[in-house]
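Read through the structure below, which is laid out as structure tokens, and then see the notes.
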Amino acid sequence: MIRVENLKKSFGDHEVLKDITVSIAEKEVVVVIGPSGSGKSTFLRCLNRLEEITSGHVYINGMDIADPKVNINKIREDVGMVFQLFNLFPHKSVLENIMLAPMKVKKVSKEVAEEKALRLLEKVGLKDKANVYPESLSGGQKQRVAIARALAMEPKVMLFDEPTSALDPEMVGEVLEVMKELAQEGMTMVVVTHEMGFAREVGDRVLFMDGGYIVEENKPELLFGNPQHERTKAFLSKVL
Amino acid sequence: MKKRLALIVSLFLTFMLALAGCGTSQSEGTSGGGKEMKTLKVATDAAYAPFESLENGKIVGFDVDLVNAAAKEAGYKANVVNVGWDPLFVEIKEKKSDLAVSAITITDDRKQTYDFSVPYYLSTNEILVPENSTISSGADLKGKTVAVQNATTGQEVAESILGKNSPHIKKFKNNNLAIMELLNGGADAVIADNGVVDTYVKNNPDKKLKIIKDDSFPMEFYGLMFPKGSDLKADFDKAIQKLIDNGKYTEIYKKWFGTEPDLEKLKQGK
Amino acid sequence: MDFRFDLIANYAPFFLKGTLLTIGFSVASIILGTILGLLIGLGEMMRNKKLAAPFRVYVTLFRGTPLLVQIMIIHFGFVPLFIGETNVYISGIAALSLNSAAYVAEIFRAGIQSLDRGQMEAARSLGMTHVQAMQHVIIPQAFKRMIPALGNEFIVLIKDSSLVSVIAAPELMYWGNAMQGQYYRPWEPYLTTAFIYLILTMVCDFLLRKLERRLATE
């Protein structure tokens, strides 16, 4: 599904990702953890080329998005993304937020898009908010709308960039619940998060990143129960 | 309703006058004629060669030489300031300047609001047209578009032919712009003072323009313009007469126009 | 104080004609200037610096030189070049629109750059092209933010339109000058024109506020 080979990313002189190689299988839920500044968000953003790739390859369904000739817009249709700060469109209602991309990108009719949007809102438990504007929603509600918006494009992979970091603690649960449900339905997911409980419970595999490298990767029970690397141990001792 | 509008407008007016009053403290005492060579502020619009124009930043011209000579004769110093044509009338009306010299024609209309010295220059208007134009007199201008400088006697002559506020009269800020309009095909003719027209044609032979004279155009006399009731008028009347009598006037006239002044006709203007 | 309302009444038909032309100049230039300004603003923001350069030069030139000079150059230089003679209506609208476009371009650029980068990223992550993202996500939001600054620009433009009186375009200021020249009384014409400009700008301000309120409730 996703294959990353020797991925490097620099901002000016500063090398943030130093040779990342990893594969992610279909229906797999991969959780990326690590201290801040470890490059985990940048890694995620390279997977749909929101960050230009400095060198290496990122294959999505066999297409190398590091190749400038590739139609990145087409590939992004298959790669949904959820942001830390939601990034809902404030000038559009909740329903319009979800309908916009299917109508403009996939040229779906308004009726079909609306029906689908309502179904997704029901799924994330916000059907009653269809016609309000994002500013009147709580953080947790905004993030659930953002998930619904990404799902409306029927992606094959979902990327989550610290989806609960900007939320008040009491709202974290409702978002994680939606994500868990999604995982159970068989969505391929890459999740950057600080929620170790979620990683343990939902993740098929956990990547621990530090200093621009993937230091250690394993099944959650093994990585959390028996970390091999000193840096992993040091990090886990602080967050657990 | 009308009363209230009047109130608003007069409040606005007071405000504007108060503002206008703030900017003019450098005009040294305009009244009380001491004999210690008082400097007079003389307003002009230095865009009217050869009467007054800017040369390397200095205001020069026939009017400037004349007003300096007359002021000296009357026991004053003259400080000529370029304020522009329309503001010039405000300057005098509000007594911000002591007098104005700017090839200003003496008219009955203007006399109602301002005082004028004895005439110091005789002028008529002339018509400036392209060399190939069929216009040969003022009457030929009917139905044509005429460019003039706003608020000049050239405009009055044009209005006497084409009608007041006729859409065929284009009024510009100065004669240079009016002539540019003519050169670019936006007007068929320009009506302006002989001094301006002659000088322009002399200095721009490549523009292929010709001058049409029309004897039916009224003679005009230029005067120094004072605020109504100014006591400077008498001093300058005497001074101008003296310059004419002692030949200094003729000297200045020849320097700028290259011809002899018609002193007899000038006297008719009194 | 003697303020001659009778003279203003005599001149009212010309003030009316002038006001209508001033409105015409202003409306036409606001519309053309805004459209042109949006295009120039987009041009300025092109990632290819070489392609963006001409747009930046345009803005620099038109913002950096006096409108009065631009009016003269366009009237006596460019318009005769294209149509063989001068035409105050073409010159006036062209000069005002071209000048205003430079300011609108900068307002537009500032409006877009004030938006959070996440808006563009969210739109692009959904598969939208750059153009689609601009059209559906960025520009509508930027436009809302631009309205106060645009309103300011429109009001400046209405007043700046008085400068075309130098090329004898018979608009409001032209007739104010003409009346001054006819009666040799400065205050009646100039205060009357000032009063009319004030009403025009107040109407413009009122309409913009209404638009702002309507967009705010959307």
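Labels for the chains are A, B and C, by order of writing; each one numbers its residues from 1.
Please note the rule applied: a contact is a pair of C-beta atoms (placed from the backbone, for glycine too) under 8 Å apart; a residue touches a chain by one contact, two chains touch by 3 or more.
For clarity, every value in this text was computed on a predicted model and none was experimentally measured.
Asker: Work out the mean Cα position per chain and let me know which chain is farthest from chain C.
Answerer: Farthest by centroid: A.
Asker: Closest chain to the protein CA centroid?
Answerer: C
Asker: Would you mind pulling out the distance in Å between where the CA atoms of chain A average out and where those of chain C do?
Answerer: Roughly 46 Å separates the two chain centres.
Asker: Go ahead and note the Å separation of the Cα centroids belonging to chain B and chain C.
Answerer: The separation of the two C-alpha centroids amounts to 35 Å.
Asker: Compute the distance, rounded to whole Å, between the mean C-alpha positions of chain A and chain B.
Answerer: 80
Asker: What residues on chain C touch chain B, complex-wise?
Answerer: 1, 3, 5, 14, 72, 75-76, 80, 84-88, 165-168, 170, 174, 177-178, 180-187, 191, 194-195
Asker: Quick check: in the complex, which residue numbers of chain C touch chain A?
Answerer: Counting only chain C, the residues touching chain A are 116, 118-119, 121-129, 132, 136-137, 140-141, 144, 218.
Asker: Can you name the residues of chain A that touch chain C in the complex?
Answerer: 48, 50, 73-74, 76-77, 79-81, 83, 85, 87-91, 100-101, 104-106, 146, 149-150, 153
Asker: Where on chain B is chain C touching in the complex?
Answerer: 6, 9-10, 12-13, 16, 86, 89-90, 93, 109-110, 113-114, 147, 150-152, 155, 164-165, 167, 170-173, 177, 180-181, 184-186
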